[in-house]
């Protein structure tokens, strides 16, 4: 049986639905990438994107998937034989580790059970032990898209600071940027990696590195062979709004529109909206009697919620039923939780009613697939949205 | 406070949301309306639209609002001083009557309380009384967009037949076509009036007259002055896929795509979907403890549901709150029910999850506006969607 | 043989090519036509369009073809048996006359040979003779789309004034508005008729009546039955940005964008551009050794140029060859010049290089179709564009 | 003075204008990149693109600029210290060489004057001398976008074969693919590099490697660190239509449409069209009395024509005048011909009339900028287009 007619509910934790305004901004003729008109576009997006990273330092934009920006962070700053400290927060941390390994980097991988973010205390302990400063970088995933746990970047920064360790601090915000509060400069992150297809509400195809002075200096001294990902020519040529090789012009049109939309709503409001939608989703999961994968409330993701299936029920079979019956895409379990969890994305262009529509698809899908659960999740989510909204309004009235 | 970010829920009973496929089909360069390429487009839509009306007779397409097609039905077939029989099913029947009156038509207007469709028995009685055959036409609104009641066209046809009265039968399907089962030929309707912006899922700007042989003959004999709306030149020139004056080419691109989409889903499935969504909506209304304006279950509209506000609560104030808080547009009360009802559209590109999202907006809006109600409407609607879907599946399995 | 790959050259005198910006503006979700957001759109376009007509008086917008706006002008101001004065400038004047006749209007039709505009002296003479003021309106086509001749509206106004005749003055600007200098108020035109698909660069589907106080008063006194086209309710409801029946919302999105584009370029510049493109086209025609249909240089159309075929050559056969070989659409001869002329549109979104591309298609098409001509037309057009452009620049420098 | 109103003529040698059909295909909601629906898209484009490369072997698609695909060819097959043979055909060959150098590859760079393609005889001589088979790869640019010279790939293949040398053969077709006849399998190319924004008529953002079995084997044995560009996982996962990391979904929608369009026109017709447009352009250049940079008629590019400026005239100043006065973008001189040449792109969505429009912009721009030249170039180009077209038609009639 084919999917239902009508609007598809794309509730995976990215790519997230692209707003009409952004799609239409991209649906325009390509222009000469060496023209003055392009230079204005380039400056608009290169300046604008800084406000989203919370930085005044350079942000480079690659025509690539987020995976490319992971690689860029590594090849610009590290050399074969270098050691880095990472935390096993989930599938994507594991993938980033694999990329590092492919480039000859030794990874000290703090093991994890995929149910929480990176532990500042453990990071602090490892760095404190590393008297010789063998560790060149601490690399953390801000929002683990595979698990729905966030890592507390500000606290990790403080942990690093307490040790006085000189390691670079590199953070993956691919699925958190523009959805979750993030402050590249304030938290003194050296390299922030991100991508276009999540909170920025763009199609996939652009990725980012926000780069501190310390990271740029490390790059200058680093002999790892690189070309496409090399920061130095990029940063130099970006100064005038241009790029060292043909940029993905139409995606840049979309990026310009996305930055406008984020500022029209206000980044603070964007972050609060994601928090509210996530709280409503968790209320639904609890009402269904299902378990949330993330065990630490302080680390619940505002971007997605990962739900554990009851034993002996296959999450992928369930997702298939939900797709066919209710035209909704949910995220699959990845890596070692494959088949055991499903993920509900509530990021980017998502509002209260879209979320409730999505959660009703989850709930009716559970029934249709014969997964044991209690009904009432949607009702519980609505209660949260009503209450949250009121408290926001009160706050606004007070302010 | 501005509307929420994200996708707007347009839940008025038309214009209905335009699917991306249709918008994109329209977003193409205009072509020469006298070219062979246009002729192919013209034939595609002129032939295709017949399948939606359930006719093999001519359907003319006007570049106009539905109001124009109402006028066209009148000026082609009637003359000043003629008498017609109409039924006061609601605001739109009243408007159609006013247009007739402007052209000097005497309207025998069977009074109604806006809570049901036209009564076949009353129509039969009036026609039976009319031994002199003064009544030239019976004019009925299939789906009263202002009330959410449908009229039983097949039964009215039978009522007319029983009297042997020669009156033309003219039916307004502006808000029912392509959403509710309709059979121009089988029910021997003489003129079926319709528009683009409801079940056809197009923007407003096209309207239709499906025309029986009897109606065409009446038009030939009719001396009412007319030009833009005149059927005869239109039908003649349409034969080759062209139009007597510049057509709304881009809307015709959209119409071609809409007809494709309706056949891809299957008209029977389209009708069943509207029935299912309407049943779910009514379940929600009942759970809220609110009253449905339509009193006759046999005449519930599959297209929209009109909800009565509790006494001393203003429907428009409620709609305003819902719009501002939840980014949802609901239909206002029109004419004599202004302020007393609101209307929930569930037509066109609407599926289960979109409906639940919309109903959650209605329910949370009731709370936000302080309208007395019970919660649980969304949950009740979900129960219907789950059950209905199963019974459909069973039917499909049997078939 | 099919048309060539690549961009089609739509060089008919309307519908004209729709700019990407306008198509994209229309490619957006439809909104509630009773919402505050719609009210803002309505006011934007209702106010903005006045600047294009050169008026501060009401302009009503119909969801219809231009033909509808012709009818509207008639049914609002005239009654059966009334006499009007028209001039046979070409096919479209003839069609407008036929519509008047269908509504029982007596048309005093000053004969013409389709090679010039309406003659102010003849109009003056007829009005002067009409001591009894039987003539209720003078109706003139500003730009005859079938011939490429314009009528001198300001001079006709003066001619009317000299006679002191009280007739209404009604002008069709369907193919001139926003391409040719036009001043509804300054020239005291009573009804200006127009359409969307020419100088306004929109798809077909909207039409306009700009209405003087005198015309509004005439309408109030006029008993001709009408509804869809009736000005009075339209003007009343327009005051708040709304419409008495469902408007063609997405075309209004496009209209808003079109008005913006016209003001960005500057209406004076728009008019000068059309003049320049027309001059270049005529230079090409003369260089080919072909004859321009319009005989009066003071009345050359800035919008289109009609070219006479050499005797015994069929214009439609030629147009077919040009279309198949060079992917260009040219306008056909209409009415009594069918087959004898073809028309080159150079209006709306047309610039120097597009025009040269188009003229090269005409010239290479003449060769391909074996039509006797001299080559060099394109070269002659380029000479004009180079010279004109310089003189414009000089003027700008001086100003 | 700002650019003229109307359609911009983007006549740089890529990015080339994106057809409306492709833009609209991309302007659709993003889908789950792990869904069955995506799998169908993936297989469509992965299979379809092979027909364009003339191969039945794997073609991998990167979300990246063409520069990335250059790097991919290198890092998959070569190791630091390896030697390759390249020919200095122009700026882009020089850039590719630099990338190789960054990865520690020794480049034997056959010097060139940028006025011809790579010389098969020289390549043969170098390979013949290399008895020790130190040369691991011969790397040639098929169409030098900076100069407008093509290299004769089939002849170079034969030259390599004559020496019996085992070097890999790697060809850059970034600006030739889908515009110029190319046969990856027949010519036994090992790696063909390409990009989306030229003959494929897409926006920039996708790049390609077509890979022979021999190249795949070399990659397996190659220890150069790599991840994003690594072929092996890509080829494995592509087998089911999926990608190892988030693909640029919307660009893939466009690619599917582009492949359809190429086959609708027919690749042979596409190649012939580019040849015809290039011949017309060269005729114009000669008529202007200007010099074509490419000196070898056997190596004229069908994609672009590079024109030498008269001494003491600055090409960039000229391009600026042409842009401001005629709204046309021409390609700048790059590298050592900066300021000395300009480039006319005539690729992708370009047809006869668009080309003539563009050439008129070049010619009128020369006049406007005071560059010494003879007029008549446009006329000369038209003569070619008329003649070519006839001979094509004759051929078609015979066939």
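Letters A, B, C and D mark the chains in the order given here, with residues in each chain numbered from 1 onward.
We adopt the following convention: a contact is a pair of C-beta atoms (placed from the backbone, for glycine too) under 8 Å apart; a residue touches a chain by one contact, two chains touch by 3 or more.
From a predicted model like this one, the values you see are computed outputs, not experimental measurements.
Any chain that touches chain C and also touches chain D is listed here: A, B. The greatest centre-to-centre gap from chain B, using C-alpha centroids, is found for D. Interface comparison, A-D versus B-D: the pair with the greater number of contacting C-beta pairs is A-D.
Chain A and chain D have centres, each the mean of its CA atoms, that are 35 Å apart. Chain A and chain B have CA centres that are 45 Å apart.
A separation of 54 Å divides the Cα centre of chain B from that of chain D. Residue positions of chain B touching 2 or more other chains, listed in rising order: 17, 24, 27-29. By the touch rule above, chain D contacts chain C in their complex via residues 1, 4-7, 9, 17, 19, 27, 261, 265, 269-270, 273, 325-328, 349-358, 360-361, 363-364, 367-368, 375-376, 378-379, 382, 385-386, 389, 393, 396. The touching residues of chain D, counted against chain B in their complex, run 20, 24, 27-29. Those residues of chain B that touch chain C in the complex are listed here as 8, 10, 12, 14-18, 23-24, 26-35, 62-68, 71, 80, 98-99, 102-104, 195, 197, 203-205, 225-228, 230, 244-251, 323, 329, 332.
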